[in-house]
Amino acid sequence: MSFTKQYKVRFSDTDPAGVMYYPRFLDRFHAVFEDWFDECLKMPYRWMLEDTRLGFPTVHTQCDYREPCRFGETIVIELILTRIGSRSFTCTYKIRALGEDVVRVHAQVVTATVNLDTFEAVEVPARLRRQLEMRLEPTVRDVSGPAVPAAVSE
Amino acid sequence: MSFTKQYKVRFSDTDPAGVMYYPRFLDRFHAVFEDWFDECLKMPYRWMLEDTRLGFPTVHTQCDYREPCRFGETIVIELILTRIGSRSFTCTYKIRALGEDVVRVHAQVVTATVNLDTFEAVEVPARLRRQLEMRLEPTVRDVSGPAVPAAVSE
Amino acid sequence: MSFTKQYKVRFSDTDPAGVMYYPRFLDRFHAVFEDWFDECLKMPYRWMLEDTRLGFPTVHTQCDYREPCRFGETIVIELILTRIGSRSFTCTYKIRALGEDVVRVHAQVVTATVNLDTFEAVEVPARLRRQLEMRLEPTVRDVSGPAVPAAVSE
Amino acid sequence: MSFTKQYKVRFSDTDPAGVMYYPRFLDRFHAVFEDWFDECLKMPYRWMLEDTRLGFPTVHTQCDYREPCRFGETIVIELILTRIGSRSFTCTYKIRALGEDVVRVHAQVVTATVNLDTFEAVEVPARLRRQLEMRLEPTVRDVSGPAVPAAVSE
């Protein structure tokens, strides 16, 4: 149920230490998030913003940078929907080098749903919720206990 | 003991929703981190990298984006050193609008110390450790129990 | 009549070759352009966009990168208004290292005035024109012949 | 003989006016330039830099931004090699929306060849020159008169 995109680490992604500059990963997560709306949820991201005036501000991120990614490497970015709340949802991202199993970067990003004109939180709209529920990862959906994993609630 | 810098939110920091794009905050944290080395620790960041070959990769970030920052606003970014480990240390960052008390963005960033030529973790060098210890926040240093807050102990 | 701002070259401005990545200069020009509206023209840039719905898209840039700027250097960015047209104007930018005379980067940026809602070119509004005319560099304003320098008309 | 790459305009490429922020185009040109080395010249860009210590600083850019590119649009970036000098070469870039003929952005970028350790200009190495000569656009190569187009010599 995961969604993956490849990305080639660019000269401009890389800092003087020769590795991908850490805020750039968050930028790449957002690009995959946009593609996920466009290609997987079939609710184009631009249409959501411009026509429905639903916005998706990031309200929490946590990210482990375990191994550096170097200029010229092709990385695979995996998006997994791991939580659906009433007015937010959480995507987990894993980055690996193409052809490798080791997760180099592991992140969770909590996205709120807001009215873009007021920036107030709104319920995840029904149509979007249906799309999300079909893609929620079973290992997370099936756990007993609190719907929000501890790692997200802090 | 905290270190603050002002920053004016730029046109290019702002996304089509009219607010500062979330990875940009992490970029600003790094700019303040560089200034902290240059102006507070008196160990210029460029000199650290180029002459001592000590590197400071970010290994963990967590960030709460509580309120948006808008184009044209001046924000105050506060850096507080909140943990010193053997081969890493943690800075807490708080962002407020100039003249306001409300924290809009709250983050923790764990920085490792590595040999830039091998990218292997090394002990925080003695001279840097002395500088850091003088600036560790008392509220954190004085707590009984584990020196490393749970949220940071990954 | 010129307007200058200092800027410290950041780790994140710098590419793996150790020098400021060339598109970053254009980003810095825009930041100085915003400050020029805010501090010199006294017509805040955000107010122009949001309240008057006048937009300032860049329609032409030319830039000579003569000498690199390195991580940690402080540079001085000078903005000089060198042309006022009917629906556009031109700023010349010069970048020097702090305390040095040599121009490292020299650029011209042509900005159009548009209605932000339609993106159609509009006349430079009278109030803005008055502000601009007071700041036009004499060496350019006094030349006989075409008001638009050849280098800009392409 | 041209080389093209598609690119989807991202949320983060777009400014509050809803269009691609102009320095971002230069960043995209560089990404296509890297791919051109990797896929067309068969001299991988990273290998050039790291193993041969040949660097490719941009020494001149000129760019006409004729029509805006909007968030969510797919654009086609075309790279055409239009000049080979002794210690530099020029690429022309044209950006169109996918499926359209109109050129929205038209640019020329002059790249020097330098020794990355000294940053001094060096002759275009023979092996690279052979690769470049095979790809020089005939309409430019065949013109009589100066090898360097006027537009580049300024």
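Letters A, B, C and D mark the chains as written, and numbering starts fresh at 1 in each.
Throughout what follows, a contact is a pair of C-beta atoms (placed from the backbone, for glycine too) under 8 Å apart; a residue touches a chain by one contact, two chains touch by 3 or more.
Since this is a predicted model, take the numbers as computed values, not measurements.
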Chains contacting each of subunit C and subunit D, listed by label: A, B
Angular offset of subunit A relative to subunit B [C-alpha, multiple of 5 degrees]: 180
Numbering shared by both copies at the subunit C-subunit B contact, with half separating same from different: same
Subunit A-subunit B separation of Cα centroids, rounded to whole Å: 23
Between subunit B and subunit C, centroid-to-centroid distance (C-alpha), Å: 32
Intercentroid distance (Cα basis), subunit D paired with subunit B, Å: 36
Interface hub residues of subunit D, defined as touching at least two other chains: 11-12, 16, 23, 27, 30, 71
Interface residues, subunit B side, partner subunit C - complex: 8, 10-12, 27, 30-31, 34-35, 38, 44-46, 71-72
In the complex with subunit A, residue positions of subunit B that touch it: 16-17, 19, 22-24, 26-27, 30, 49, 55, 57-66, 68, 116, 119, 151, 154
Sites on subunit D touched by subunit B in the complex: 11-12, 14-16, 18, 21, 23, 71
